[in-house]
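Structure record follows, encoded as structure tokens.
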Amino acid sequence: MRILAEGTAPYLPVDPDGFREYVREHKSRALEPKLLSAQEAVARFVADGDYLVYDCNYLQRGPSILIREIIRQRKRDLWLCGKFTYVDVGLLIGAECATKVDCGFFYQGKAIDRAIDEGRLEIYEYSNVVMTLRLQAGAMGLPFLPVRSLGGTDGFSQSGAKLIEDPYTGQPITIVPALNPDVALIHVHQADQYGNARVFGTGIAHEESALASKKVIITAEEIIDTEEIRSDPGRTSIPYYAVDAVVHAPFGAYPGTCQGYYGSDTAHVIECFGAVSRDGVAQYAEKWISPFATDQEMLDKLVGEEKLSQLRANETITEGYRP
Amino acid sequence: MTMLEVEGTKASSFNEREFQITTVARMIEDGRSYWVTGGGTPIFAILLGQRRYAPNAQYITEDGVIAPEPMLPFEPIMTMVASRPSYRALAWGTMNTAGNHAQLGYMDYGILNGLQVDRYGNINSTLIGSGKEMRHFGGPGGADSIAANCWRIILMTDQEKRKFVERVDFISSAGFLDGTPNARERAGLPRGTGPWRVVTPWAMYDFDDERRMRLIAIAPYVTVEEVLAECEYPPQVAEQVETLAVPTEEELEVLRSQLDVQGQATGVRSGWVTLEGDKYVRQTGD
Amino acid sequence: MRILAEGTAPYLPVDPDGFREYVREHKSRALEPKLLSAQEAVARFVADGDYLVYDCNYLQRGPSILIREIIRQRKRDLWLCGKFTYVDVGLLIGAECATKVDCGFFYQGKAIDRAIDEGRLEIYEYSNVVMTLRLQAGAMGLPFLPVRSLGGTDGFSQSGAKLIEDPYTGQPITIVPALNPDVALIHVHQADQYGNARVFGTGIAHEESALASKKVIITAEEIIDTEEIRSDPGRTSIPYYAVDAVVHAPFGAYPGTCQGYYGSDTAHVIECFGAVSRDGVAQYAEKWISPFATDQEMLDKLVGEEKLSQLRANETITEGYRP
Amino acid sequence: MTMLEVEGTKASSFNEREFQITTVARMIEDGRSYWVTGGGTPIFAILLGQRRYAPNAQYITEDGVIAPEPMLPFEPIMTMVASRPSYRALAWGTMNTAGNHAQLGYMDYGILNGLQVDRYGNINSTLIGSGKEMRHFGGPGGADSIAANCWRIILMTDQEKRKFVERVDFISSAGFLDGTPNARERAGLPRGTGPWRVVTPWAMYDFDDERRMRLIAIAPYVTVEEVLAECEYPPQVAEQVETLAVPTEEELEVLRSQLDVQGQATGVRSGWVTLEGDKYVRQTGD
């Protein structure tokens, strides 16, 4: 059994026993109310220097409200899990909140080019599934998982992966280090006050991200009664004990879509792409984030009731999204 | 000889992107499974293929949508984790669902885009250039897993000199790597997989016994010389280079009125082609 | 990176590439009708010498109808995945259908004692979760998975596990070989004719077992229209392409319970324990299996409409089991 | 000194199994999580503990039932993958759900049964004897994972000579293995875990600094000598062996009328104890 090759990138240290001890000390197994405002949740649970994972992205059932809150609170030096993202990486880098990214995919633009040119951004190379698999390893409490891709690519060389001789087949097999982020942000359709959360429709790695992470903030379109959770336990995607904060966030995925609940605000979506493309994140933040103490204020004043009603009406498909 | 000819009324006017999509749509094999990247031309190719030729071809997307009957058209960007593309699926999962099923060998074909491709079918979607001139793009997304695990890979890219190179600036998704026998297996990738076809708006390539990219067919509106002029590194050329059939009116009707109604895929960097006399001619100045 | 210790038990060869090739050649990705009778399904898809996994067990939402059919068809030399079983292992060994078992748990009795004494049974030692994890490795197309248990036990020594030096932490970690059974039997609440299957409530490893196995037989309480599947895709537990045969089997878990649908037949359950305990499997089969050409005939003649209605009525809990 | 004393009316008549269950029920810590084997005494101990002392203690079963409010009583055998024990859970998963969450450190306590236990807390549920005399039992089931991954393990077993041995015939579930420092870690098990208490109908044990089982308390109806006579290998004995408090009428009411109404757990191999004068006395001839 030999290590045949290894990538050279730094990666978050692999420490399953340390993660267990964190869980033991910091995660409550009691049913405790966890409702917080977005402001409080980010202030308490997102620290400068944290490794941050969010599920889905700013445009598709992502925790967009918390990404804006992170920018508002000027968090610094975040390390991003860049799986299946579009504009979020660009926004967080353009706003100078992030300095490292494990890359699966992100929408590229001058905001990112400039950060690279100025030496403000390190990129380590993976791919989407490889990142969700690293999260799965983290969510299983394991140090690593094998994977049948990444091997042979230049991404492999600039990652934390290793090529080993499989002790069962004798053949080469790639393994990737478990990922246990400091903090996970996950937007869901419904949650109760304890953090039992329901996602409807497809997702990227919401369950894995929550279970793999030390601190977990759930934003939920609807807060539902625990009675409802107990009446259909098969619909629970994330159990309460993995969750530290629950934020009631109707339109929390705005300007993105929250499938089954509302469509995206296409004009705003294009504006996001523009901000990242032409290095205009500061202006974007000046318009959509900094003038407002809370996201709700932005939704009220800048988007308005009529537009929001329209976005709800645009989502004509509800099959499969209402239990 | 004409390749991929289908029944229907030959269109007298179409753009090159439409030509590329209809070409791939005709390659869709009925009863097979496709892992397609959510955005761009691959999804339109499988949707068109299903509608015209392969009603029992099925596809899965990176967010774990299995065999949907999507509500068309999609909204801009909203091709995954959104209700219209997920509509009437047989199952909803997550990215690891798609990844695991592909690792198990359930995905017959993968259809991909890429920035750059090299003579061994390696795909770059990460960065172009090196040193000070280096520019980072978006990364492989799901393409690395698709390219590694699907049985056959179809790459859809543009026919541009800087895109067909000897060695890509960065291997984001594995082709035949250095081209030596079993290079993929030595890198831990599944046995018997690899690039299968490359389709551009001008041409189609396969891979020869030595895993080198080979030109096998061209569009009727270009010559082999024109194609080769748009390859920085010259591919192998088949003894007989065939001519690809043009889109039919019936295909264009579906593509334009049901699929890409906003011209998102077909409008991008694409020249117009018209029938002049008995010849299809590219309109220059595009 | 070193192998520090290894178990000595034989295990099904680990061959992810071979499994992929099997899938490529034998599993259809087209939507094809797959309805078969239990008789046909077992005749076609269970071969002598097969490695057999079934999910849950003879008493709890298991494919009891197929276990009886295997005994009726006198299948021989099966290797059983003995996770979370009660009487099933004893029944299949007592009926001389099985000769090997990977042991997580099974109800022990004289039927098993005698098989051991007569040298007709090999037992390899794992535990329930270790077996479901082996199935998960198989269901991910990977050659092995790490696990945080089994190490240090005598089970480890009599298993296919290995203790290796973790290339990430440098600490010892146990890895277990992927399991890709020849055939999986899974009882579900609902399925369509293509094999898209829904399980409600908890389970052991139904999804993993289906995806890990070469041949998959689904028995379903109800055959539903594919339209219904498409109207709520989040409820699909197993996708059609993993499935080879679908058997319409109302009361297919009898004498066990099928949660949300019917309760168990307590008298019959006790009879099963008795059969395994006192080496009376032959008599059990003579009463419940061999006199009948099909399970339906047994249900009609030996159990009767009234009893079956009562078992349905006994299941008063339906919350969470009806979409 | 009396250990685990609670408010209530001391029962004047109960059986030893009821004593064992109430003892463990009083150890249930509020707000903590328990991974319990589905059948037998562990599930009754947690249910009784929740009802009397620890309403916010939560439990998970091997089939992935998270924090249920079960419908009682259970049917015989039907303690997992059945509707009554799964009732009103907060989430339903599978066995790998339970296994993964335990590996992550989310399970504070595990409560187990076993055939045999040795001086280092290793548990046997696989086989007794060796060679020709060997008899195979059921195997560890979920106990191996529970014993490996929960932070603290409570073993419930019988006080019988052949069950308390120097070295179990087969280690099905890891205790402190050979008792050397870090033996568990060297075997790949999570740091900081291991056996915590052993509770029989007669006695309670903990583990000393050298990871050896130690008698710390006895039932009021037995003597230390009687307990030690039922240990093939003598455990360490605490300087002060305390006396465990007897069940209360309130506990027995819950246990008998709501939980084990058919006497499945409490009826098994259990002697009767009655108050005679000021002493609790075992009725012999059981």
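As written, the chains take the letters A, B, C and D, and residue 1 is the first residue of each chain.
The rule we apply is simple: a contact is a pair of C-beta atoms (placed from the backbone, for glycine too) under 8 Å apart; a residue touches a chain by one contact, two chains touch by 3 or more.
No experiment lies behind these values; they were computed from the predicted model shown.
**Q** Between chain pairs B-C and A-B, which one is joined by a greater number of C-beta pairs in contact?
**A** A-B
**Q** With centres defined by CA atoms only, which chain is the most remote from chain B?
**A** D
**Q** Using CA atom averages as chain centres, what separation in Å is found between chain B and chain C?
**A** Here chain B and chain C have centroids separated by 41 Å.
**Q** Can you work out the whole-Å distance between the CA centroids of chain C and chain D?
**A** 29
**Q** Rounded to a whole Å, what is the gap between the Cα centroids of chain B and chain D?
**A** 61
**Q** Could you check chain C for residues that touch two or more other chains and list them?
**A** Those would be 16-17, 141-142, 147-148, 171, 173, 201, 231, 233-234, 319-320.
**Q** Quick check: what residues of chain B touch more than one other chain, meaning two or more?
**A** 65, 86, 88, 92, 103, 149, 190 - these are the residues of chain B that touch more than one other chain.
**Q** Which two-chain combinations qualify as touching?
**A** Once each pair is checked, the touching ones are A-B, A-C, A-D, B-C, C-D.
**Q** Touching residues of chain D toward chain C in the complex: what are they?
**A** That would be residues 61-65, 71, 75-78, 80-84, 86-88, 92-96, 98-99, 103, 126, 135-145, 147-149, 170-174, 177, 183-190 of chain D.
**Q** Which bits of chain D are touching chain A when the two form their complex?
**A** 30-33, 56, 58, 65-67, 69, 86, 88-92, 100-106, 108, 149, 151, 190-192
**Q** Contact residues on chain C for chain D in the complex?
**A** 56, 59-61, 82-84, 86, 103-108, 112-113, 116, 123, 125-130, 132-133, 136, 147-156, 163, 171-174, 201-208, 257, 259-260, 263-264, 266, 269-270, 315, 317, 319-321
**Q** Under the touch definition given earlier, write down the residues of chain A that touch chain C in their complex.
**A** Residues 1-3, 14-17, 141-148, 162, 164, 166-169, 171, 173, 175, 177-178, 200-201, 231-234, 319-320.
**Q** Residue numbers of chain C touching chain B in their complex, please.
**A** Listed in rising order, the residues of chain C that touch chain B are 16-17, 19-24, 27-31, 139-142, 194, 196, 211, 226, 229-231, 233-234, 236, 239-242.
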